[in-house]
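Reviewing the structure listed below.
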Amino acid sequence: MTVNLRNLGLFGIVALLIVATGVIQSWNVALTILNYGLISAVMALGVNMQWGYAGLFNVGIMGFAALGGLAVVLVSMPPVGEAWSAGGLRVVLALFWGLIVLAGSILLYQRMAPGRMRTLALIVVLLAGFFSYRALFDPAVAAIEAVNPAGTGYLGGLGLPVLLAWPIGGALAGAAAWVVGKAALGLRSDYLAIATLGIAEIVIAVMKNEDWLSRGVKNVVSIPRPVPYEIDLQNDPDFVARMTSWGYDPVVASSIVVKLAYAGLFAAVLLALLWLLEMALRSPWGRMMRAIRDNETAAEAMGKDVKKRHLQIFVMGSAICGVAGAMLVTMESQLIPSSYQPLRFTFLIWVMVIVGGSGNNWGAILGGFLIWFLWIQVEPMGQQLMALITAGMEDGSALKEHLIESAAHMRLLTMGIVLLLVLRFSPRGLIPEK
Amino acid sequence: MIKVENLHKHFGGFRAVDGATLEIAEGSITGLVGPNGAGKTTLFNVIAGNLQPTSGKVTMLGEDITGLPPHDLFHKGLLRTFQIAHEFGSMTVRENLMMVPGAQSGETMWNAWFKRGQIAREEAALGKKADEVLEFLTIDHLRDERAGNLSGGQKKLLELGRTMMVDAKIVFLDEVGAGVNRTLLGTIADAILRLNQERGYTFCVIEHDMDFIGKLCDPVIVMAEGKKLAEGTIDEIKANEQVIEAYLGTGLKNKEKTPA
Amino acid sequence: MSAQNPYQEARGNKDASITNPRPGGTLTPGTAPEGRSAAHPGEPFLIGDGMTGGYGSGADILHDCTLAVDRGEIAVIVGPNGAGKSTAMKAVFGMLNIHTGSVRLDGEDITGLSPQARVAKGMAFVPQVNNIFTTMTVEENLEMGAFLRRDDISETMEQVYELFPILREKRRQAAGELSGGQRQQVAVGRALMTRPQVLMLDEPTAGVSPIVMDELFDRIIEVARTGISILMVEQNARQALEIADKGYVLVQGRNRYTDTGQALLADPDVRKSFLGG
Amino acid sequence: MDFLNALVAFLNFVVVPATAYGSQLALGALGVTLIYGILRFSNFAHGDTMAFGTMATILFTWAFQSIGISLGPLPTALLALPFGILVTGALLVGTDRLVYKFYRQQKAVPVIFVIASLGVMFVTNALVRFIIGPDDQRFADGERFIISAREFRNLTGLDEGLALRTTQGLTVVTAVIVVALLFWFLNRTRTGKSMRAFSDNEDLALLSGINPERVVMVTWLIVAALATVAGTLYGLDKSFKPFTYFQLLLPIFAAAIVGGLGSPLGAIAGGFVIAFSEVTITYAFKKVLEYLLPEALEPDGLVQLLSTDYKFAVSFAILIIVLLFKPTGLFKGKSV
Amino acid sequence: AAQSNDIKIGISVGFTGPLESLAPPMAMGAEMAMKEVSDSGLLLGGSTVTPVRADSTCIDAGAATSAAERLITSDGVKGIMGAMCSGATGAILSNVAMPNGVVMISPSATSPALSTVEDNGLFFRTAPSDARQGVVMTEIIMDRGFKEVAVTYTNNDYGKGLADSFAAAFEEAGGTVTLVAAHEDGKADYSAEVGALASAGGEVLVVAGYVDQGGSGIIQAALDTGAFDTFVLPDGMVSVALEENFGSDIDGSFGQNPGTDSDGKRIYAEMVGDAYDSTSPFSAESYDAAALIMLAMQAAGSAEPGDYKDHVMDVANAPGEEILPGELAKGLKILAEGGEIDYVGASAVELIGGGESAGNYREMEMKDGKVTTVRFR
C-alpha cells in the first residue's frame, strides 16, 4: 500500500508542477507542457516495452517517430494532382519495380545452390535491377519535383482525416521495425543499438532528400488538424459570446480549448495503450517476456521462441513510437525532417524511461511527464539562476556579461544535474519494477 | 531414441567433438562420463540445438533434428539442464517453474487481453503443479524467493525442477549432481528412476559421481577427446583399463600418509 | 523475499553490452560488529567465531556459526544445500555483514578488514561460482592469482601445470572457453598461485573428473603439509572427510556436528542425513 | 602519366582524407572502447570530454602564444597538450569521484552508468560552452602542409596535386603509436592486466588483491589522454567547435562498435571502415576514369554510386552489413 | 502621447543546438535595437522596451513552442523577433503566435513554405528571399566569365532553396552546374563532399552554407586538397570570419550579401564595435527585425500586435525618409510627428508581398585576405 501511496504522490507532484506552471506562468504554457508530456509518455511506453520487457536496446526511436510523422503527411495532406499526373504513377511503378527486383533476388538467393554461379547471378540481377529502377525512378521524380517546387514539388497525401494517420503511422513504423528486426535482432545490445541508430539515420536521410515524398528539407507545413483552429473559434460569435459570458478572454480561451481537445485525444491513446500493456504484462505473456529478458539461453531451452518474441516486442514498441510520432506532427501541424535529432528523440526518451523506472509502465509515463517538464522549464530556471548569481556583480563587468551570455547553456547544465540527482537518489527509477 | 552419427564440433582448430557416434536407447537412463574437456557438454549443446555442428547428423526417433533451434526441440519433447545453472534470476522460484510449459494460452497478447478467465484457470493448475515439484525438491520454503538468491546447489535443483513441469520424452542432465548434497542427490536419483519408470522419460546423464552413475545408469558411455571411448554397464566400465587411465584413476596417493 | 540491492536490477540481454551481463559483482564488503575482542592466545590459526549475519538487510543466514582451522590442518565443511556453507566462507573472508562474532587470524582480530586487506594478510579464496576471469587466458588467470607476489612466480606456475596438465595445454586459451571441470581447475590453480597462509576453497571438486579429483585432494594434503591451513566446503563429503583433520556439519546456518573427519564419517546419523548413506 | 594522374587524384581525394579522418575517429573510438572494456559502460560523455580536453589545450596554447613560445613548423598546441591532458584528467577523475564512484560501490548495472554519463554529457557540454563559448575556434599554427597540392604539382609536373597536411601526418602517426602502446600496456604490463582482470570479474579481482580504485583512476587518466589527444588533433586539422565534437560521438561509437567494443585494435579498424565507406561510396569516379579510359569511353555522368546526401546513411548501412556478418564487430568485441 | 510603460519583446533564437553559435550575435543585435529605442525615450511617449530571451533550439519544435508560449502568455511579449530555423518558426507561428495574435518577424527563416503559410498578417521576415539572390548570384558569376560551377549547400530549407533557385537561374542563363551536393552542418568531416565536387569539376565552387558551420569546413577541405581555390559566397558565408579563417587563401573569391550603398551594414558594424561579431550571419537582420517591430508600434501608436501588424510594411518600405541603423530615434520622431519612413536598416530591408525581404545586394570580393565591396546590385 505504501508503495502505491508513494506512486500516487509522485504523480501528484507532477500534476502539481503542471498546475503551478498554469498559475504562475499561464495555463497555455501548462497545457502545452501537458500535451507534449502526453506524447512523450506514449513514446516512453514504446521504449519501455522494448527495453523494460525484453531488454532490446533501441536507439532508433527517432526513425520510428519520423515514420509516424511521415504518415501524417501522406494521409492527410491534399494530393497534388498536377504532380500525380506529372509522374506519380511512374514513381509508384518504379517503386513497385524495385520491390520486384528485391523479391526476385531474394528468391534467387533461396532457390539457387550456393556457389559462384549464385553470387554472379545475384550481382547481375541486382545491378540490372538497380539501374533499370533508377532509369524509371529518376525522371519521374524530376518531373514531380519540378511542379511548383517552392509550394509543393511533391505528390501530396491522400487528403484523408488526420486522425487516421495515427494508426497508419503506427503501422508504418511497425512495418519498418519488422524489416529491421528480421535483419538485426540477432545482434546483441550495443550492436543492435548502433544498427537501430543507423537505420534511424537512414530513415531521416531519405526523408531529407526524397523531396517528391515529403518535400525533404523544404518541410511540409499547415497540415490539417483534428481540432478546430483558434482563429475560427475567435471568429465564431457563439464561442466568443459564451466565453465572454463566462468571463474569459476569447483569445486565451480559444487556444486553451484547442489544447484541451488535443489533450483529450492524446490521453485517450495513452490510457488505451496503458491498459493493453498492463494486461499483457501481468499475464503469462509478461512472465515469459521477463524470463526471456533474464536468460535467453534458458528460455530458449524451455521452448520459448526468443527471436519471434523479440521481433513481436520490437515491432509493437516501434509502432507505439510511430503513433507518438504521428501525434506529435499532428499537433505541430508540420513535418520538419531536420528536427529529428538523436538528442531530442532518442536520448531524451531514454532518460524518461530510466528515470521513470524501466520495466514499469507507470514509471515510463511519469518519466515522460517529469522529464519533459524539466526539459522545458529548466530554461527559465537557468536564466533566473544566472540573474541571481550575477545580481551582486557590478554592471558591465566582463564576467557578468559572459555569464548572462551563457545563460542559455544553463539549460543543459540544469538538465544534467537534475538527471544525475534523480538517478542518484532513485537508481531504479522513480517507480521501480515490482 | 537419439542417434548421433559421426558428429563434429570444432572451435577454430580445436576439435571439441571429433566424430562421436553413439545411440541413446528409448526408455534407458544412459550415463555419459569422461574426463574434463572430453566434449560431453559440447555434445549436449549440439544435440539440444545450442550449438551448430560442424558436421554430422543427429536424429530423434528417426527424425533428423540436426541444428534445430532449442525451442523447437523443447516442443518435440527434448529437454535439458545446464551445467552452469541458468536460472531466471529476477523471477521467483515458483515463476521459474510456471513459465516452463509451452503452449500456455496466456502467452499470446490477444488472450492476455480478452481471455482472462481461461488464463486464470490455467494459472491455478500450473501453480499447483509447481508447488508439488518444489516440495519434491525440498525447496518449497523458497517459492517466493528471487531465483538469483538461491545457493549454488539450490539452483541446480531448480534446473531439474523445470524438466518436471512438462511431459518430456527425453531429458539431458548436465551434471545435476555437482554441488548437490549427496543425500539429496540420492533422492534425485530416485526421482529420475521414477520418472523413467512411471512416465517413460528417457534420460541422458552427465555426471562425475560414479556412485550416482552406478545407481542409475545402464548403459554408460565414456567419451574422451571428442569421441566415444567405451560403452557398457557400470561394472564393465569400471574394469576397463583405458577408462581407468583416462578418467577414473586409482585413488589417492597421499592418503595413507595423512596424519589422522 | 529478501532485500536486494536496488542498483543491481539486472536487465537486458545476457550479453556484453550496454547491458553488460557481468555486473560489478555481488560482493559487498562487510561491516564489523561493534567492539573488538582482545587477542585469544592459543586458539586456532584462523577462526570465525560465533558469526551471525546475512546478505544486505535480509534475514540472518548464519546463526552463531563457528569455523576454525589451525596451521597445516584441513577443515572440511559439509551440509545440505542452502545450509549457509558458502555464506560462512564469505563471512570469514569479509564479504558479508556479520553483526555478532568475529574473525581472527593468528590471534589478530581481522573482522573489520576488507577482503583485499585479508588477501594481503595471506588468505586466499576460491568462490563457488564466478571464480575465474573468463576473458583472460588461463595463464593470465594464474598470473592474476599471484598479483600481490613480487617474487618469481614461474616455479609455482610450473607446479600448477604439473598438477593440472590440461591447463598447460590450454594456457593461451581464454578461460571462458574451457569446460566446466577445466574452469574449476583454473580456479584452484589461481588460488594456489597466491602462496597463501590460509587457503579457502568452496567446492573445489564440483564437476571435476574422478582422476583429477584424486590429484586435487592429493595436492591439498601436500599443501597442508607445508603448514598452510585449508578450509574447504565439499559435497564430495566422504572423500573430503577422509582427508580432513576437522569436519563441520552446518545446517540452517548453525553448527550441527563438529568433530574429526574420521569421527564424522563413522557417525551413522551424519552419514545418513548428510553424506548420502 | 594519365595513370599516375588518376592514382594521385584518387589518393588525394579518397585515400589521404579518409586515412586522416579514420585515424581521428579511431583515436576517439579508442577512448570509448577503453571505458567500455574496463569500466563496462558506453560513455556518452566522450564527445564532450574531447571537447573539454581540446578547450583546455587551446587555452594553454593561447597562453603560450601570447608569451611567444612556439614549436616552429609544428603546432604550438602540441606543447600545450600535456597540460590539457592534466586538466582533463583532473576533470574525469573528479567526475568519477562525484558521480560514477557511487554507482560502482552500489554495483549498479551498466545502463545506470550509461544514463549517468548522459547527465555528465549535459554538464560537460554546458561547462565547455560557459568557458569558451559555442563558437568556432582556430588554433592551428606552424606549417599547415607537409606538402601542398600546388607544391606537389610543381614538383612532379602532374596535373593532379596531392596534399598532405601536417596534422594528417601527426594524426596517423599518433594513432599508430597510441594503439601499439595501449596494446602493449593492456596485455603485457601488470597494471594493464589488472585492469583487464577488474573488467572481467570485479569480485575476483578484489580477491586477487587488485585495488579497484587505482584501476579506475588509471583508466580515467588514460581516457583523458586519449580524448585530449584525439580532440586536439581533430581541432588542429579541422577546427574546434563544441557542437561538432558532440556530433562526433555518433561516428566514434559506430567505429568502436564495428570494430568490436572493448578491442583497441577494433577501434582502429572501425575508424577506418567508417571513414573509408563515407568517402569511397559517395566518391564520383568521373575524374579518375577520365584519366584512365580512352576519350571515347569517358563517362558522361559522375560515376557516383550514391549522392553525398546519403553519406551517413551509406556508412551506417555498411556498418549494419558488417554487423550482420560479424555480430560482435570485426575484432570480436566483448560478448558472452 | 500615451502614458509611458514597459513593453516586452521576445527574442526567440536557437541558443542551443546545431546553430547555437549564430544565436548570441542575433540576440544581441536585437537587444541593441531595443536599447537604442528605450534610451531614446521616444517610443509611444517614453515607453521602454525589455527583451525576453527564449531558446528555440532549432531541433525541437516542442521546446520552441513551449518557450514561445511562455513568452506570449506568461511574459506577455507584444512581438517576437524570431524564430531562427524554419521548423521552429513554423511551429511557433501556427501554434502560438497566430492563435494569440502576436507579430513575429524572423531574421533568418527563409523557407519558401513559409511564404504561403496562413499567417493573418502577423508574420514577416527580414531575411531576403532565395529566389532573388539566386538571380543576383548568377549575374555576378556570369559577369566574371565563369560558365561552369559546382554547388554545395547546407542541407536545410535555406541552403536547399538557395541552391535550387540558383541552379535554375544559372542554367537558364546558359551556365553549367556540374554537381549540386548537400552538406550537413556540424559534422565531423567533409572529405566525401569535396571529393565528389572536385571530381565533378567546375571553375568555381558555390558554397550555399553558413560561414561558421559546414561552409567553412567545405572551403577548408577544398583548399587543402587543392580541389577549388575560388569560391562563390552567398549571404550566409559573407563575414569577417572569412578573413580570420582563410585570409588571403581565398583571394579572388567573391559573392554577395544583402546591402545597399547606404552603408547600413558598415554603420551597424561601427555601432557594435567589438561587443560581438556584427558580421555573423543574420545579426544585422535581427537588429532590423527588432527595429521594425518597434517602429511599427510607433506608427500605429499602439504596442498591441493587432494594431501595429498592418504598419510593418509601411515603415519598412518607401515612401518616406530612409532610416539607417543608429537612427531609430530619428525614425520614431518622424513617425510620432505623423511622417513616413522607409526603414533601410543594417540589412537594407525591403519587404515585398507576404512580408518577405526583397533586398539589394552588395557584391563582395576577397582581396588580400579582406572582404571588399565591389559594387551594389
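Order of writing sets the chain letters: A, B, C, D and E. Residues in each chain are counted from 1.
Going forward, a contact is a pair of C-beta atoms (placed from the backbone, for glycine too) under 8 Å apart; a residue touches a chain by one contact, two chains touch by 3 or more.
Every value quoted in this text rests on a predicted model; they were computed, and no experiment measured them.
Visitor: Could you run down the chains that neighbour chain B and chain D together?
Guide: A, C
Visitor: Which chain is most remote from chain D in terms of Cα centres?
Guide: Of all chains, B has its centre farthest from that of chain D.
Visitor: Among the chains here, which has the CA centroid at the largest distance from chain A's centroid?
Guide: C
Visitor: Does A-E or A-B have the larger number of C-beta pairs in contact?
Guide: Of A-E and A-B, it is A-E that has more C-beta pairs in contact.
Visitor: For chain A and chain B, let me know how many angstrom lie between their CA-based centres, rounded off.
Guide: Comparing mean C-alpha positions, chain B is 46 Å from chain A.
Visitor: Per the centroid of Cα atoms for each chain, what is the distance between chain D and chain E, given in Å?
Guide: From the centre of chain D to the centre of chain E is 35 Å.
Visitor: Whole-Å distance, chain B centre to chain E centre, using C-alpha means?
Guide: 74
Visitor: Between chain C and chain D, what is the gap in Å from one C-alpha centre to the other?
Guide: 45
Visitor: Please output the residue numbers of chain B that touch at least 2 other chains, ranges allowed.
Guide: 89-90
Visitor: Chain E: which residues touch two or more other chains?
Guide: In chain E, 17-18, 20, 23-24, 155, 182 touch at least two other chains.
Visitor: Going by the contact rule already set, what residues in chain C reach two or more other chains?
Guide: As it turns out, chain C has residues touching two or more other chains at 6-7, 9-12, 14-19.
Visitor: For the complex, which residues does chain B have touching chain A?
Guide: 48, 50, 69-71, 74-75, 79-80, 82, 86-91, 95-96, 98-100, 102, 104, 106-109, 111-113, 116, 119, 122-123, 162
Visitor: So in the complex, which bits of chain E are touching chain A?
Guide: 15-18, 20, 23-24, 53-55, 58-63, 65-67, 69-70, 72-74, 85-88, 90-91, 94-95, 98-101, 111-118, 120, 131, 155-157, 159-161, 164, 182
Visitor: Where on chain B is chain C touching in the complex?
Guide: Touch residues, chain B against chain C: 11, 33-42, 83-84, 89-90, 92, 139, 142, 144-146, 148-154, 156-157, 175, 178-186, 208-211, 246-255, 257-260.
Visitor: In the complex formed with chain C, which residues of chain D make contact?
Guide: Of all residues in chain D, those touching chain C are 40-42, 103-104, 106-112, 114, 190, 193-194, 196-197, 199-211, 261-262, 328, 333-336.
Visitor: Under the stated contact criterion, what part of chain C meets chain B in this complex?
Guide: Interface residues on the chain C side: 1-2, 4, 9-10, 55, 79-82, 86-87, 128-129, 166, 177-182, 184-185, 203, 206-215, 217-218, 221-222, 235-239, 242-243, 245, 260, 262, 272-277.
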